[in-house]
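Here chain A shows up in two complexes: once beside chain B, once beside chain C.
Take a look at the complex of A and B:
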């Protein structure tokens, strides 16, 4: 297992994402330049330069035509994925923390941070409608919250969204009936929800939290199905597209990294069995906590982004593909 | 170590200069088994090196869209860069072994327990409420519950203290029906101030029913605070008004109401 190590960012990674075919990997970091790379050989194709602050999230449409980035410079930008031109910019009063496209790629969701008198908000806009892409326009969906909405995504087609909060609450809204939240789960996590990802099959959500656990939730009612315990805060978790495995990444706080040795920091990525909630393998790589990870659509490769500024594309060898979990 | 056949098969050249040029050019050979050999020459510190790189050419079938994307032109920070991974941004990292912590039968093979142990000792978080090591007391989910317990405990301890002392110091029976509402708490008490002296100062205000100086259980030294109970609440209020902030030896007394025990 010789991983590719990509050093295109000067600061901690905030998101790695594969496109639908998995031939490209999109990365964003706390520096100002989100990048796109070929997964195969780790060649950097380009960077999307226009942001003036940390980029907290990046997502790409199903057809790899457009990207969306959410940044600490109070903007969300839509990009031409191939050429790196900025197509649209949405300004706000506070930093944007999370963004994502809907299944069709026509709607974009983003969350804004709470700051002084500005509440945290979650908005959905239609990128086809230019009147919605200007500042202060009326979005399709908008909700305000008193706690910071850390992460949000489309969980079902273009209709349902799921939001993870810093308090540990997870909420689900149906955009067709968005007066009230459809489902809520406040018991599963005690601390901040760091990441939410949909399983490749679209049946489950996996949440990662600073309370050192990751949970598998039913995407329809947010019921907790399984919970995976780690010894360190979990920053990201992803589900294998081909096997009943999940992978967890995390580690000690960035603040305390200097006080922990690499071995004590638990910077490894851990692979758990989805059903038995048991860790069976782990692999090392990063010098700091893993902030984000994504499973390649083919199932035999994982991309991880760490606090150390590196992206690692880890292809699995036969050891893993031959591994059978007996039960 | 070098195979000079490639150079010998180079086409005829007219002049010596051209020959050097020819020799320094990169030559590419492709064989039927799919290997591609690139021969290049580099000069470093006046020494000429021949660099032979062998590639295995793999033809892959990919979706059309993926093939299209292989033709993307570099942009942004990579604008104008040559095709192929750039050494500054991409390298192949060291071999990483996947460590299996369980074997096929699900038995623990890697000692993860050990890690947990060290993690425990290095973790600086400790909760004094639930004694857990995974969060601080302020973040304790059971904080409210424990806080009530703690206050009740503290009150009990204080009671016990007083009772024990009351019996030991002067054999006096504990005054079960002492009234908290007529009691003022005196803090910042000088060490060498004893009960008679205290009675003298506070007795000027009104009739005192009880004076209690807190002492250490073991060495019987005053802890620096006392409780003075008056017969009437008005006297206690006056004591607080008049005796608060008066100088006593080298200390400034602080006189206030006792905190209600059920808060």
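Take a look at the complex of A and C:
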């Protein structure tokens, strides 16, 4: 089947996400307009316009009621997903790098970048409590770090969060204790953690790093269970909801892309067996590094967003569904 | 005026007081210049000390004087000699002589050193100036203690692999630590470590690079303090050679000697370190055979190339180009000779270098003591390619060619033939910048000496296009020439027929992009043509065993920078290592001799890949014939073994996977239970809806929405009446 190639963004993609049912794709890019599309035919439904800078992350609640976006214009915005109007804006002194909803969709997490005297921070706020949704209000949870927290998410219901840092460190906190991290893993990655995703069934975390590997972590204690080696920095990885497969994507540094041929850049998405750590398939399409990817809830298609500004929705062919490992 | 005065007061006076004498000596200030300072004293260079003269009583000294005078006067009439005597008037076995000038003195040393005076007395002669440099023997000298012999086990153990598998070593970064590992190549699946984890693969095994000895007996590693050789099943330390700051090493062809080199400037004061910067060791005993000064060898403070010494096939001789001499204006002249050393004495053959003007390159025959040389052409004289027989120094054959701009020599491994390529120009012009420019195009030729033929016959083969590379079939009578340019390089395969005067072209293969090297398999027959460090990274595999050369496959390995045949010629490896092009994926790929890919492996910061060489094992002709005859029968056995192994391997893999999976399932089930325990909390968090439950398709409400994908303006009918009309 032909993959869909969605051209709606003017600049590099930063995040693609499906909603829970998988009928919609939410995308954010380094241009100012996050978009929402139909998965089925790739038609764009609309965009969320108000940001004035690169949008680094977008997330949607389980019931597809609300969206959250984090932007380089130093704001996090909560949107009405259907109508596209902005419900809340939280300002900060520095750019916001990553954001996400909790399991219930009532809490929102976001990270802020380190800049001059401002430390990098991770905050959690309750969107039901309007007093928390104004600038300078006291959040439910707040922690500050000397290294940039690149990515953060709710790893367990509304209780636990996991944060990935530029140094390669991964920390896990209980929301009730912002003083002391619950778990830490500093050995699995040597360079910046680019992305963290929870497995669809909630048993594992998958991390992606510039050290050219992606790792499967135990969601309860952050222990490394598996590690997948790629030839290039990994920007994003996701886990299949129906089979023991993972997919990762990345590629040559954006800075060096102009000096490499497409074949040497490794801009393909690579599929590995989750347990045996072996690569068995890859698919091409992007002509720049893949920045973000998400597995469709049905398990039979993957959305990828690239540095080239395209979103590709790739449906799997029959070979894939017939492919089986002997064991 | 006031201002000036003020300045003067502030200025410190740095000039020396009157009558000041500097107490720093020149030796401290400019030792490197003094090192090269010529000795002024002519006298010392005219005096020769001769030892080994008979010791006799006082009564016969006069007679000895007469005999010696006769001997010495044969060299030069104007010699003065003096026999020192002890207190009892008996001679001391020493003779002092004085010659009219230093040239004669030098000649006298050459002729008297080693002169057999009688049955029991052989002279050794030295210039007085050289004598002065000798140090008295160390008083504390003790006889060296016996070193216990370290038995590392069988050095050729890997040759006994029952499947005749070859080994290779790689140096790369394992988890960020530079590591050298020795692996066994397994056809069809991943290479296996050639031993236990910390035995065959070690972190920081070498500080720079590793090398195999030519027969594969030892793995040598370089360290700050010297060289270590490792051997045996467990790669135990077999030998150590202490050489501070060693950089380069080279083995003689049969592994008897090891040459090590440390750049003098890295050892503090170069004029001190450089005296013994080049050392030759005996590998088995660890004895230092001889050390050289790079400055004396080359007249430079650094060696120009490595390996510096070229070894003859049987290690009897080693040779290097002579140091260039300087003319009166201290300008370097062209090199005019070859220094050939004998390993029996580690002295120059015949005590003097062989003089050949404008010598550029030398190369030993791989099978006999023949030294091929190429001397550059000048405006006055042609270039010369010649064959020198050692030790007789007889010139077996030489060819003179005018207007040679560039040349290279290629020995066939069997030693039967020598090919040399020449680029010949029509006219030469000098640009204003002093660069040489060739006018009117160049022609390219390959010439071949046939050593076995009577009088060493010479064949000429003009090439239609520019020469790129050349390769001999090591044993057979074919060769391949690569000609063309960057974008279109065509390999030509030629055959030398016994009664023909020119090689016969048997195939011209399809031209390819950026081919730049020809490599015949070590046992001949199969040929790889490489496009190293190119974006396409092609390797063409060619079968030349039949009447016509045929391409079997072309593979792609973008940006690979090295290709190697394994020692048996069964496999070919392309590897992309550090030092190649930026942005290449470091790693190697193994192919069969026909170009079928067997395995690919990426390795972080791969620096070296080297097949372990095999020692020469010569089967009798009869045995070889027997094997060839029964090849079908034997190969069937091997194929069966391969299949069995494949089957076993896949079973093993399945077994291994099962184990991994069951270990993983333990964690997965534990986490599943934890998630399941959250069920009530999950439902509560999503306002009573169980989103984990599978969606029932029956509950779906089908909704049809019509959306106009595009609209366009069309002219509408004006009225119904118009329509009807």
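By our rule, the second predicted complex is superposed on the first by the 327 of 327 C-alpha atoms of A that agree within 3 Å, B and C clash if a C-alpha of one lies under 4 Å from a C-alpha of the other, contacts with A are read in each partner's own complex, and residues count from 1 in each chain.
Operating definition for what follows: a residue touches a chain if its C-beta (ideal position, glycine included) is under 8 Å from a C-beta of that chain, and two chains touch if they have at least 3 such contacts.
All of these numbers come straight from a predicted model, not from anything done at the bench.
On the superposed chain A, the positions of chain B and chain C overlap enough to count as a clash. Applying the stated contact rule after C-alpha superposition, one finds that A:202 touches chain C and leaves chain B untouched.
In the superposition on chain A, A:116 makes contact with neither chain B nor chain C.
Once the two complexes are laid over each other on the shared chain, residue contacts for A:327 go to chain B and to chain C alike. Legend: residue contacts after superposition of the two complexes on their common chain; A:104 is shown touching chain C, with no touch to chain B.
In the superposition on chain A, A:131 makes contact with neither chain B nor chain C. Looking at the shared chain after the overlay, A:180 reaches neither chain B nor chain C. When the shared chain is aligned, chain C comes close enough to touch A:218, but chain B does not. Counted by residues of chain A touched, the larger count belongs to B, out of chain B and chain C.
Contacts of A:282 after superposition: chain B is touched, whereas chain C is not reached.
Contact with chain C, but none with chain B, is seen for A:158 once the two complexes are overlaid on the shared chain. Only one of the chain C stretches 3-11, 21-29, 507-515 or 669-677 carries C-alpha atoms that clash with chain B in the superposed arrangement, namely 21-29.
For the contact definition in use here, the residues of chain A common to its chain B contact set and its chain C contact set are 43, 63, 190, 231, 256, 259-260, 263-264, 266, 276, 325-327. Chain C contributes residues 176, 535, 558-559, 582-585, 602, 650, 653-654, 657-658, 660-661, 664, 667-668, 671-672, 674-675, 678, 681-682, 685-687, 691, 707, 709 to its touches with chain A in the complex.
Listing the residues of chain B that touch chain A in their complex gives 62-63, 65-66, 69-70, 72-79, 83-86, 88-102, 104-106, 112, 115-116, 118-119, 122, 124, 134, 139, 141. Residues 1-8, 21, 23-24, 33, 35, 37-38, 41-49, 63-64, 82-84, 190-191, 212, 231-232, 256, 259-260, 263-264, 266, 268, 276, 278-285, 312, 314, 316-317, 319-320, 323-327 of chain A touch chain B in their complex.
The touching residues of chain A, when paired with chain C in their complex, are 20, 43, 62-63, 102-106, 156-158, 190, 201-204, 218-220, 225-226, 231, 252, 256, 259-261, 263-264, 266, 275-276, 325-327.
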